[in-house]
Amino acid sequence: MKLRRIETPGIAHYAWLLADGEQAMLVDPSRHVQKYLDTAREMATRITHIVETHRHEDFVMGAAWLARRSGARIYNGNHETFGHGDCRLEDGDTFYVGNLLIRAFHTPGHTPESMCYAVYKDDDAEVAWAIFTGDTLFFGDTGRSDLPDEDSAVENAGCIYDAVHNKLAGLGDTALVLPAHGPGSVCGSGMAERSWSTIGDEKTYNDVFTLSREAFAQKKGGERLPRPPYFRHMEKVNLQGGLPPKLRDGDVGLVNVADFAQGGENQHVYDTRLPEAFAGGHIPDSYSIWLGGLPVFGGWVGDANSPVYLVTDRNDDLDPAVRHLSNIGQDNVRGALAGGFESWRDAGRDVEHSGVITPGVLHNMDNKLQVLDVREIDEFDSGHIPGAVHCYVGYLADKLSELPLDKAKPVVVTCGVGHRAGLGVSILLRAGFQDVSNLLGGMKAWQALDLPVE
Amino acid sequence: MKLRRIETPGIAHYAWLLADGEQAMLVDPSRHVQKYLDTAREMATRITHIVETHRHEDFVMGAAWLARRSGARIYNGNHETFGHGDCRLEDGDTFYVGNLLIRAFHTPGHTPESMCYAVYKDDDAEVAWAIFTGDTLFFGDTGRSDLPDEDSAVENAGCIYDAVHNKLAGLGDTALVLPAHGPGSVCGSGMAERSWSTIGDEKTYNDVFTLSREAFAQKKGGERLPRPPYFRHMEKVNLQGGLPPKLRDGDVGLVNVADFAQGGENQHVYDTRLPEAFAGGHIPDSYSIWLGGLPVFGGWVGDANSPVYLVTDRNDDLDPAVRHLSNIGQDNVRGALAGGFESWRDAGRDVEHSGVITPGVLHNMDNKLQVLDVREIDEFDSGHIPGAVHCYVGYLADKLSELPLDKAKPVVVTCGVGHRAGLGVSILLRAGFQDVSNLLGGMKAWQALDLPVE
Amino acid sequence: MKLRRIETPGIAHYAWLLADGEQAMLVDPSRHVQKYLDTAREMATRITHIVETHRHEDFVMGAAWLARRSGARIYNGNHETFGHGDCRLEDGDTFYVGNLLIRAFHTPGHTPESMCYAVYKDDDAEVAWAIFTGDTLFFGDTGRSDLPDEDSAVENAGCIYDAVHNKLAGLGDTALVLPAHGPGSVCGSGMAERSWSTIGDEKTYNDVFTLSREAFAQKKGGERLPRPPYFRHMEKVNLQGGLPPKLRDGDVGLVNVADFAQGGENQHVYDTRLPEAFAGGHIPDSYSIWLGGLPVFGGWVGDANSPVYLVTDRNDDLDPAVRHLSNIGQDNVRGALAGGFESWRDAGRDVEHSGVITPGVLHNMDNKLQVLDVREIDEFDSGHIPGAVHCYVGYLADKLSELPLDKAKPVVVTCGVGHRAGLGVSILLRAGFQDVSNLLGGMKAWQALDLPVE
Amino acid sequence: MKLRRIETPGIAHYAWLLADGEQAMLVDPSRHVQKYLDTAREMATRITHIVETHRHEDFVMGAAWLARRSGARIYNGNHETFGHGDCRLEDGDTFYVGNLLIRAFHTPGHTPESMCYAVYKDDDAEVAWAIFTGDTLFFGDTGRSDLPDEDSAVENAGCIYDAVHNKLAGLGDTALVLPAHGPGSVCGSGMAERSWSTIGDEKTYNDVFTLSREAFAQKKGGERLPRPPYFRHMEKVNLQGGLPPKLRDGDVGLVNVADFAQGGENQHVYDTRLPEAFAGGHIPDSYSIWLGGLPVFGGWVGDANSPVYLVTDRNDDLDPAVRHLSNIGQDNVRGALAGGFESWRDAGRDVEHSGVITPGVLHNMDNKLQVLDVREIDEFDSGHIPGAVHCYVGYLADKLSELPLDKAKPVVVTCGVGHRAGLGVSILLRAGFQDVSNLLGGMKAWQALDLPVE
């Protein structure tokens, strides 16, 4: 029996390949299924079962496409929000992968249809060897409870608590916890940086075990996490097992300066370089979204229909960038600037640059600068620069006019270390702000210098 | 200006990528176009022109598919056997790739529509820098002249002579010769093992230059080369720019012993291990075709509709094997034996083995064994084991009953070194021969030992 | 915190890289340390601690070399058989890697100096998160107890029992078990095919927990495992932290037929092709050792000073073959046959071939053939072909003259599936046996056909 | 016969591997010989001959190290500046590689010992198939003639002319020209961007053929090319066949912010990010040298003994950066900043930033800013911004005090596109200039906008 974790970077997504001899199950595939097929081949097995824990909101699933390419059957639950599936399982139903016994559990809360799947080494095993927990139980966290309905977040958190305690807790303390996401995912809030965990581990460290039902439900349900607009689209396409990838490596061509983004109003240019490079020079009206941030912040800026053009640091970044956007259903990438920003500047084209400022200098200005903090509200509330205005970067374009900021005066934008602030800077520039700077190192540097927070 | 040769192994096919700045032309693509897109990206250019020298017979072309993936336009000639193309060029027509001037020449002979394309560094260049010669001119050889019509092979060879002398010879002795094939291709007979050549080089070494028109036409037209049956199918699909690949890496699954090739009468099992391994044990009724021989001999054994199962030495050989078959239009590969021949033998399944014999032992038998030589007729005529029966391996299954061989007595099969003989052995075993051996090292070993030939 | 398992194939060795921020510990490195450095770089950390569980017998360690290349310090125990180390730890001693607390345990039994290392997520953790168990505790097995002294094997097994129960059992059922070997290692006998395990898992499945001390000691101490002669050499070089690799990729050159293995008496030719291919033809006097078997059976055939020449299936196998031999301290590889066995046979050189036989045919011969079974004694005793003679393949060359076998009559050699039998065949051929066959599929095929065993 | 070009990026160096069957010659190896061994293995041949055209000045050679690893013999000329070599050849001497005949020619001029080597397909060949021309003849250029002695540059250029005309011109117009460098090398001035060339091609395009001896000698000898200080060191180490690489991949560790470059006065920090990123924020006192510029400009800033610390854009850049420096003999790289500049800024460390300015804005300032042009003198003379001060970037640190620049006032630095200007900016900042900007796109952008030059 062999287990392999296959990560999708950018969305911190874990798919799992569990093989026993000539059969293997693949849990929660993304649409880029080639890597699963390659891994199965390398492990000398064949994917025969595709298992879904729930209808993911944060990426396009690949169950249907993987089924078509591998001939495997799709296993999920019998809740109506699974709109497809070859084997619709009820709570307690079992099936085999090789000699391994798999038992399905209905664990609603994160979503109404959420399922977990316990793995038993054989029919007689008293405890589970591992549990695929989807977004129900993470390392040190659970899935967020606000997605089905923000107003029922507390209630849903209670359901998660019940599912974990009634269905999972008794499966055995030594059972490995195999979730669908790791730290950095938008599906949870505070996952632990840990490589492996067990139910027993979680009993020691996880709020869902260490708090009372009431306290947990209040805390988890009270989180105020942003909900990117592309989630709705994901829920729709995933209802039917997701989509095949539309663009393959190499399909997005290099476009020269003359042809770049010349086609119309609604086109978005995403500049994936780091904030310092963006500050040092960029194409006017482009958005600053660092490479790893594309599958989250690309989903705030654009939608499935937006034509997108890319400015990448290197040609090698192009395919990862396209895959990142593909993961959130943005398949409309039209081209990447051949030669990157360099070819643009060397052609003498209009170039915009923005400011940078260090924490020390900002502190010495004695509140003379407007400061905009674009982190999530919970981050902001846990400590920010005195006098800072807050608006989460995802909402910034829409709410900018309501913020107490003077376009004609200098603004400093900050976030954790400067990545989201980079996007904030670009949104302000697009809105006509004249003098916008990124706080280098963001709140991390600010706090490293022991500067005052409120 | 940058030039890259991109080889398709097995069929000794050369595609060429010639880039000048942001434009590039790709000459004679196979259907596996990803490698061309990757190479263009790596060379920081974009394929804007797809150029065809002729309608290839020996592999499925990828012009139409590459056009769709890259957005490039297809350039070829205006002869009717090019049934497609965005730019149909007449003899002498020119176009630009970046600043490079490309001039088209109609050079019929190998096929009626054959074109060559000369590259000039600029408009004022007096001599060509290079010529894409397709199958018209190879290193030390020309294309075969029997394909359009075997009876006109001498006449066609004269046409090749004329095309080379009237159109290419005067373009400049320093012009690089950039053909569509290297040594090992079934499109020629005696290509030189040389990395690079020029028109001047060819004038020194190539029959088309060193012989008179008459002598060349007789020699070239008199070659008796086999014509694999799949050629007809290729000509048909290539009329419309070829086909996209049907199977991707990973699409062909590993099949366990129980499910392997259980489906019916017309299924072919290709065993791609080397002849010694095949002799040491193999699945009854399987064909022995070594990995590199698939894109030639797969085309003699099967056709586009034959369901194919593979026994490979290693899992890593599976994708290359599938690509080899794909190159000749065999997209019907149903599976590969999981664990290879080992899993078959370890399961206690029926195993057949065959004999091997060394040249010394055979020689000492004093003609007591039947010897079958399966090389091409020209190879056979240039020297063979006294008393050997001849039949080209491609025709063996059909002509076996006509050959003076006694099924009940031992037969030794030979070829150049033993690869084609391996296929011959498997065909004899399928036909019920009882005692069949492969001559280890074939005629190469025989001659290395100075044993008598006739 | 991140954990990565880095496998050394052939010897089923696991090294572990555990990183916490900018520090990382590498447990039990082999001498091929580049892969550890590469992995650390990829994980954005740096190896600062090298930890040894014991002085391994089955491979050359790389602690000293890794220390030199990385600047890390070596941590091990204070027993005298660790002849080196920057930090010699006593039972209970602790150190930190990043914020992780590591506690050392002295767990003698497999070897007198054996250590285990528990990992705690922080100072306050009540249970260990994981334990590096070296060769003390495997998945479903423990290390063998006969190595320090065969006569004390039962007593040593009792020590292992005590160490596991007194030191490890109480660290927490959820603690991950991270051993130095997986299934296939010569350091244990019956490891489970499992990807991950915990102390709790082991309590359910492992003899060391499910048997009484007495029963366990008798069973484990009573195993009759072969002890390859190279173990003594390993113990010696590992006393000082092992050795750097002597040969790098590319250092072993391709040697043409004329120059191959021409230099003298004591040279060994290892033919790494599969048994069928070896049977179909091989160089006289060569040893048949399949690629993956080199790091075990190379150690029975040769020693650190034997000049070795290789015949590999493919050029790509050369570097893995050299690394396999390097892992057991055989650095004296002089060359590989350019073009493999094919070039030998094509040159008309002397070729030897041997026989193959299927279980069905052998069974029908009614004991008329001599059968030699070369498996381990415990395997033989658990069921063999009626009338078979037994001798473990490792002792075969030495004990052949004592076996009741007639050189002039046919012999069938068998093992599990035919790999070790292949080596047995080559040893018999070298000794002058005339007619030697390999039983295709070995006892696995024999039993799959329900043929009689005794 | 097979030919492969193996490029060393950064120094535009071409080594050549020419194989004929089981023998191969490697011309002008760099010290990173693994890639040559790998290529030979892949081409199924073995390096038996190492051939040197001359004692290179611009990179550390690897002949001695390759000889040790491959067992090949070193072939060069018998001039005293080759201080080593197994076969010291006189003008006209020949040797064989497989069946290829190689003839040596003494072609002094670029250096006194320079040799060229013609390749003949067989003994009877009337014309050469190819010529390894070292630094004597490039595509569209010849080697520079000022290296042996600047005052004799015109005279040396005459020698090059004579060597080319007397030794090479007559070898055949179709002979391929296979030089040691391509465009971008510091060993020539104006090499053509061409993939392949022949003697005949060069007769059409190359000054050494199209100009008279006198005119060529004046033009070539009159070039004013900078001579990096590390050339002297190269000449010394290459006298004995160069050096093995001192640092392997992985040897340079990631160093955290606290430990980075803390060790003393003479340490150099090279920041290899692009100029915009450097402008957006960098470590005070660091040098801006883009990755590909390291093997040239690292040789101006540091020497073989300078301790070097690196700030790279990504971890993946570290090994290439170390190899770049290794190529010019700088083996003293102490570490790279873990996490790159980001970890520095996030730690709240002192950060310096500099300015950027677009050509349009600079032009509108009407000469109010000081402009410093750091290109080579010949580039400057061919057209520069009116009023610009000139100093080649390599000499800038030494000559800065002599330049008419006011430290207290803004300075704009420019070069071709901004890379060398980035280094210039960092040198000015180190010298205490207060307000330094990089002209985005440099003279390329300036001229693309048709702004005035003088």
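Order of writing sets the labels: A, B, C and D. Residues in every chain begin at 1.
Quick note on the criterion: a residue touches a chain if its C-beta (ideal position, glycine included) is under 8 Å from a C-beta of that chain, and two chains touch if they have at least 3 such contacts.
Just so it is clear, the model here is predicted, and its values are computed rather than measured.
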| item | value |
| --- | --- |
| Pair joined by more contacting C-beta pairs (B-C or B-D) | B-C |
| Label of the chain whose CA centroid is most distant from the centroid of subunit A | B |
| Computed distance of Cα centres, subunit D from subunit B, in Å | 42 |
| Approximate Å spacing (C-alpha centroids) for the pair subunit C, subunit D | 48 |
| For subunit D, residues contacting two or more additional chains | none |
| Complex interface listing, subunit D residues touching subunit B | 1-4, 121, 125-127, 129-130, 172-174, 176, 193-196, 198-201, 204 |
| Residue ranges of subunit D in contact with subunit C within the complex | 22, 34, 37-38, 41-42, 44-46, 69-71, 248-251, 253-254, 256, 315, 318, 338-339 |
| Contacting residues of subunit B [partner subunit C, same complex] | 273-281, 313, 341-342, 345-348, 350-351, 353, 356, 358-360, 417-418, 440-442, 444-449 |
